[in-house]
């Protein structure tokens, strides 16, 4: 395991914190680490900060993510990585679409030129919306407490996608699926960052696989073209035990 | 194990052959290999040829060395190495003193400028005497069948050692000891290449040790100064079982 | 190209390299992908009678020379595994069903189903905890091993491969108890453990794990050689195979076929075709005309 | 500098690092040199009742991650070993006499002499062939182990360290049989073998050998942890220690002192002082004030 001492902890939403720590390692947007809380568990977490100081942004969920959100500056964190691939680069304008904690891994991609579609269950949970300039931001909430009401794809429908050269998307798989369906016949290209169960992070346990590819080593980022041909995307996955389940 | 195909076999004396083989490896004079005859045994053998084509020169003795002398061009040889250290370099004239198969490891040191003292049990066993120019050669045989009669040190006594900047010596330890005793109080410096039992060649088994140093990793070449301070050189060694025995 | 096909317990393999149990063989699509990448067969993840989630992560640790794992026999249960085998079979190559259990009855239940799903052979993973014996594994109890294999032999038609553990005092005793099996698979992981000195605790959630990869290659070679020499039975070699030289070393020690697990992690899925290429050119330059010619040639 | 001394079975060591049995400890001058290089004690080569030349070379093979050896218990016989111990004792540090035998009587004869020569403790190498049992080792026969240690305990005053083999089904059973020993030494080499695929035969003249070095570190950690957890006895950890991190991993798993063998080959004789330096600065930055503070902290 690699270890580092936490430099700063920022509260991003009532349930989400960013943890910043030094790590002398080149990392790319889209890559993740397997973060270990000794005695609790180990989970995959995207790198939300990929500069000299690295960072992660984690939403409280089960025991491990909860333990992560309770860490303080000066605490030690343990992880291994970086794992996974990265997003394609582009010259033109980009459209960044994040659902819930999915925004975490997209943070390094945000530039002056990016337009953001930030979605969450409710207003308080909108993550990193403030990183986009006001006129380049579309907000969507499930409960309609702010912005468009509904799922992320509803936000997309308010935009002219021809403006953008590439879309970056991260969030729950069903959200990705609805977006893929929406853009399937459209011109716009897109990179989707997927999340499935990951037990090993190194291409061994098969828990994260889709279409015979391992999200942890051959993903988590896949282009629109690959997902359009997929047998399993948005439909089925393997559970913790290895049982095939509907999404 | 490393392996190579024998390119040429030369008969050097009735009991000694040189075996030449390609091996793409930098080696230094004084270094040796552990040569393995599958099913027979493994013994340390100096590299007598250290150029592009490597070579060894082996005298028939027990089962393993005998098997080596029976190898032919086209046969495969197996070995590991190179092991051990090398001789010091010098600007001036060198004196090369070899006893029996001890000349093998000295061969790469012979230049136009070197004077040789070549000794053997008997005339037929003189090794590499022809590599020195006539006027720079002193021959010594135990039985007096050629040159000076007696041991190598007798040959030394016929020379003015002040002419030489460095002496290189290889042969049985008692021969080395008699030479060390002879030059102990003299100006001339010398590098001695020693031979003791070697079971591992890599500094593990302790069978080759002298004064706490391993001949295989810290030798086999030692300067005169080191041997003058030695507790064990020329006196005692450890047998195959590990028993301390007189030389 | 030298001919690298091989026959093990009547099953013809286009090359000696199968995927080992427990690595990328839970999802049918993954198995299919690995077969398309050059593996001649896949051994499924070990499947038991009921669904198990296994241990909580960390279930794996990367160590110099290999991996340590304690997955905890996570598996969907045999009744949920039909579809995965079905998908994998689309590649048109043999699927070997790895099964585990604590009793002969478990093995029989799961084995029967595997056979129905279309497995070409059963690989018996004898390394799971013994339900009656405390702390020990099924595979270290010769009587239980004999009973399990005797029972299966009577009721299962496809070949039985007994996968033995290296963590025993006398592997020969276990091999004798398993003599009714059609082949032996050697070896399963070696007992091991890793501690993180900054966290001051074991890395794996289960503390203890199994060592695989290069670190155990010479252990595997040893047992393949010994069992070949002492029993003469067909052997499938597994443990630390990463290069064609490793593969040949196993074959010369007595293996008729091979499995690769950790090598897929360290070298990628291309490992199958790479090793096959190396194998073929070695055989050509060394004058072997078939895999069979090499099997056990080093055994004295 | 943090305080890195440690006490094992009443023997005070200036640091936890001893030289392991069988590596550079046949010649008294070599042992002395290693003590001067920073080892806190040396364990001698295993000495038996009579002189043995051991196996013919090759007795060793270099493999990735370590060594394979089959020296064949070469030793001068205890009666010829007095002078070596005498020379080694000149360094003014403890000498641990490693002894082997096939019967309690062998152990007693050799052990008595070692004690007379001035050894501070006896390390019992239980890995040599059992004269009565065929093919097995002394150390895999719990009754014999109990008898040997019972006998020695009655007649030898210096502490007894029982060195256990990892090549057993249930190491706890052996540890229980050896419970009268003052400490356990874990582990001896792991069974292994290497084949040269061009020579088409085993490399070692004995074919089978013992694996040491980094490849077995995680195996050693496992057994130290397990035996510490289950017995609470003092433990000397050995197997693949090459860095101070390795040393700390063993200590946190439960070792009070350590031995280094193959590390001397891979890192040179400077390994003792290097690890000691690393150990000391780790302890300082992590807030440990003594080795004892670290012993077994990872055991849950």
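Every chain is named by a letter (A, B, C and D) in the order it is written, and numbering of its residues begins at 1.
Criterion: a contact is a pair of C-beta atoms (placed from the backbone, for glycine too) under 8 Å apart; a residue touches a chain by one contact, two chains touch by 3 or more.
This structure is a prediction, so every number in the text was calculated from the model and none was measured.
Visitor: I need the common contact partners of chain B and chain D, sorted by label.
Guide: Output, common partners of chain B and chain D: nil, no chain qualifies.
Visitor: Which chain has its C-alpha centre farthest away from the C-alpha centre of chain B?
Guide: A
Visitor: If you average the CA atoms of chain B and of chain C, how far apart do the two points sit, in angstrom?
Guide: It comes to 51 Å between the two C-alpha centres.
Visitor: When the C-alpha atoms of chain A and chain B are each averaged to a single point, how far apart are the two points in Å?
Guide: 68
Visitor: Just the number, please: Cα centre separation of chain C and chain D in whole Å.
Guide: Chain centres of chain C and chain D, defined by C-alpha means, are spaced 33 Å apart.
Visitor: Quick check on chain B: which residues sit in contact with 2+ other chains?
Guide: Chain B, residues with two or more chain partners: not present.
Visitor: Using the touch definition from the top, which residues of chain C touch two or more other chains?
Guide: 198, 201
Visitor: Looking at which chains touch, is this a line, ring, star, complete or other?
Guide: Graph shape, chains as nodes and touching pairs as edges: a line.
Visitor: Chain pairs that touch, all of them, please.
Guide: A-C, B-D, C-D
Visitor: Contact residues on chain B for chain D in the complex?
Guide: 1, 3, 34, 36, 38-39, 41-43, 76, 78, 80, 199-207, 209-214, 231-232, 238-244
Visitor: In the complex formed with chain D, which residues of chain C make contact?
Guide: Against chain D, chain C makes touches at 63-65, 68, 135-136, 140, 166-170, 172, 190-195, 197-198, 200-202, 207-208, 211, 214-216, 218-219, 221-223, 225-226, 245, 248-249, 252-253, 282, 286, 297-298, 300.
Visitor: In their shared complex, at which residues does chain D touch chain B?
Guide: Going by the criterion above, the answer is residues 23-27, 29-34, 45, 51-54, 56-60, 62, 67, 69, 71, 74-77, 80, 83-84, 196, 198-199, 201, 203, 205, 262, 264-265.
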